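Below is one structure, written out as structure tokens; comments come after it.
Naming follows writing order (A, B and C), and every chain is counted from residue 1.
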Amino acid sequence: MELEKLLFTKEHEWVRLEGDSAMVGITDYAQHELGDVVYVELPGLGKELKKGDPSANIESVKAVSDVFAPLSGTIIEVNPKLAANPELVNQEPYSEGSLFKMKIKQPDEVKELLDHKKYEEYLRGIAGE
Amino acid sequence: MSPLPDLIFEISREGKTAHGLGASRVQSKPAIDPGLLRTAIAGFPQVSEVEIVRHYMALARLNYSLDQGLYPLGSCTMKYNPKINEKLAASEEFQAHPYTPHELVQGNLELMARLEEWLVALTGMAGFTCAPAAGAHGEFTGMLIVRKYLKEKGDPRRVVLIPDSAHGTNPSSAHFAGYEIREIPSNAEGIIDVEGLRPFLKNDVAALMMTNPNTLGIFEKNITAIADALHANGSLLYMDGANLNALLGIVRPGDLGVDVMHINLHKTFATPHGGGGPGSGPVGVAAHLLPYLPVPRVVKDGGKYGVVFAAPHSIGRIKNFYGQFLVMVRALAYLCSLGRENVRQVAEDAVLNANYLRKKLQDVLDLPYPTATLHEVVFSDKNLPVKTLDIAKRLLDYGFHPFTIYFPLIVHGAMMIEPTETESKETLDEFIAVMKKILLEAREQPDLLLQAPRQTPVRRLDETLAARQPVLKWHKGENR
Amino acid sequence: MRYLPLTDTAREEIKKAIGIDDSKELFKSIPADKSYFDLAAIPSALSEPELIAEFKAMGRKNLFPGYLSFLGSGAYAHFIPEVVAYLSAKGEFLTPYTPYQPEVSQGNLQAIFEYQTMMTMLTGLDVANASLYDGATAVAEAVLLAVRKSGRQRILLADSLHPEYSAVVRTYTQNLPIELVTVNVNEADGRINLNDLQAKLNDQTAALVFQSPNFLGVVEDSAVLAQAVHPQHAYAVQAVAEAMSLAYLRPAADFAVDVVAGEAQSFGLSLGFGGPYLGFMTAREEFLRQMPGRIVGQTKDLDGKRGYVLTLSTREQHIKREKATSNICSNEAWCALRAGMYLATMGKDGLALAAGDSHLHAAYFVSKAAKSRQVRIVYQKNFYNEVLLEIKKGTAEAFLTALKKNKILAGVPLNWFYPTVSNRVLLAFSEVHSREDIDRLLQAMGEYS
């Protein structure tokens, strides 16, 4: 996986642009912070989300985290493997453990996402705190 | 070889029985459509009486219990459960059916009324209901009272303020009463102050839910000023009395401006926790909230006790029947045994014991809030080579139940320790020595902690596996 | 004081260690003008013998012992084997906290796992939780469960749901945007009126909540009810007040019922004037992540050995706080453990016997009372162990007062719950009643005029 091609949010989601759609997942940093993922609740197909809305819900043994929609749009695909294998979020956060695909509604919002370099800097900032 | 006994279903054998029922001598035929009747229950246990006894005795041996030793869970008040109270609660003469005509259960009604009187005397609230089944149920009841009262005054308001050190039931209970939650930060001392509260105190605030002493063991010393600020804003003060033990006979929440509070009979009033319940969560209110208490209410009319089942302003019924009556029997027995002469000593000893542990452990553990504490103390795992969990698990190897871990959430790697007044100094000294030994091990042989426990029936359990692939019942042939 | 092990010497040593002279210094943070309040209003301590005498005296004011009771309506007298009382009273079961440290709580955890299993066997549903407070709150939680799961806000409540359960549902939902609609009952057979159900059911309905056997004693035809609501994607939620019926009647799952919640006091818990009892909830697997309360699951330890833990706890308040599925924390763990002991002790045969006799004793009463000149049996069939009587002459109160003179508590008058119904009484039967008991009731009824 070429991380350089991904875009990121400060909430530790990644976005891979595919034409007018975006694949969404959580970053390696996020899965580390969560610990062993035991359950992933994904949004329903066709669900309309505004940027920042809670989309998916990821549970580890002792924590629950909302995944916020990185962009506004409509859910057009969810990762079917996560129902039986939630651990994919830990093991392959950028590929097999992706969460969903959405059709982008407001392309302008893409500009607000961080590129890989900026996200790395952001992570260093958190670590330095 | 598993240290656990086989499941009751696995030792079941066709033809065994443990029940002693005789055949009925009543001759009759079923009067139900045959299609509604069931066949035998597949897989249901068939075990002899002696095997039942041995099965449960084997299970009993796998449990750590308060009868066995120190159980210093913070904010849980694991105090000794007097044995006479068990006997009294099991007395046949208290086992009435809840719909028995009132003239035949005057003793039971008197018992409930007397318990309410005791709670009023100890808390200074105007009245109590003993209907709620547990602490969280009491919180919910209390917040329903708050809401109904404000609603009848014209506006139920929207928001309930809850300190960041609060137990998770507080926000959840307020949520189910229809409120939005705003978390308010504790100050550097670990408490709430009026200045910190002020920015949150808008005109949509219905109430503040304050645990006092709070989950850091600290008395919220600004409580009267906070109550005044709330009242001036038309808001109410709810006190979570989970930690009332520290205040018993010392101060009455009713004198501090509290409008509504709950207490836990299974904490302060020595009724057994039963492995997680039953509890009982009586709710006390100030005079202006009396009409809103749930029904039924026990009342005394002349020399007789009666029950009021409907009241115009009441929030309604919160539970079936009267509440956890047999828990009330135990709590009243405890209070009668303590009496005026000892109630204050309970609080003093509980606070002495907690402060002794604090003093003896603060050199070896990080104390995030140096403020004076009452019945419990919270340390952090900061600067330690291991985590709180590892210390807790190592304590198991030394035969002690650990303290509450990772709560309150505002302390990193919290170790929340509440010894209660029913532990001797000798026991505390032993615990302190073990803690110091463990902290030494943490530096010299951390593996002893990381691999702990070793002396328990099972080792650390895989909670991830349990949650990823839930197995929540026995399936024939599949649970090995 | 025997519960306080600190000696005066120990207290002095502790004070010295922590650097205070007087215990009052411990409470300096409490406003001085409010602390150390006057204890005069508090009664003096009782010695252990005095305590026993005091409670005996209170107990003597209870005059119900010696009465032959046919009271039921949500709390039932069943025989409790002595081993259940003996084992459940052990300190190892009574005095632990919630099993937050599973390595030293395997006894309780396994016992609850066994209890959960037996509850699923009885209802036929996939999953059971580790307990809720009581039947009424379990039904209220089931309402909230159906609303969460469906995303809909309309709940149909059968008029034959225990009136206290309905009342608790109303209390629980009073500040939530949930619409409660009552569905009528047929006077003819005591069952839900299907026309009324169809009229009130719509595509915004989350669930129909019905009780079976219902408050009037009648076993509903659950299959018909489930078939009625499922096309609208509403759930069929069955309340159960008499858990013993689960061992006699066909399991709810056979009728496509989605959730069964209610009261399991009948499984080895003494009447105790109404509590503590045992709320239970069982449901189809798809409800699992939305269930309220604790759940025990099987797992493995580091050595691969079987063990049990509290699991799926992300549903609960200590993690999700205001987003939790319920605010419940303390539950009725010991009651569930004891119910598990009861079910295991009664076993396949004993439970079937107790459950069968509960019905057959009621059936015997009905067959004899059918010819009565004093009363009419309102529902002559499809009752389980409760029978609704109509008093032909005078009121229910007059009838009950007359039988009370014969030391018989001949049921619960319906006017307690339905003020306009003045002449109906609900009686409950179980295996604890002998033929002589029932004959005595019949005779006393025959003498009523």
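We take it that a contact is a pair of C-beta atoms (placed from the backbone, for glycine too) under 8 Å apart; a residue touches a chain by one contact, two chains touch by 3 or more.
No experiment lies behind these values; they were computed from the predicted model shown.
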Geometric centre: closest chain by C-alpha means: B
Interface ranked first by C-beta contact pairs: B-C
Inter-chain centre distance, chain B versus chain C - centres from mean C-alpha coordinates, in Å: 20
Between chain C and chain A, distance of the C-alpha-averaged centres to the nearest whole Å: 44
Centre distance in Å when chain A and chain B are each reduced to the mean of their C-alpha atoms: 39
Chain C residues counted as touching two or more neighbouring chains: 314, 319-320, 323
Interface hub residues of chain B, defined as touching at least two other chains: 463, 467
Two or more partner chains touched - positions in chain A: 38-39, 59-62
Sites on chain C touched by chain A in the complex: 289, 313-314, 319-320, 323
Sites on chain A touched by chain B in the complex: 36, 38-39, 59-62, 86-87
In the complex with chain A, residue positions of chain B that touch it: 463-464, 467-468
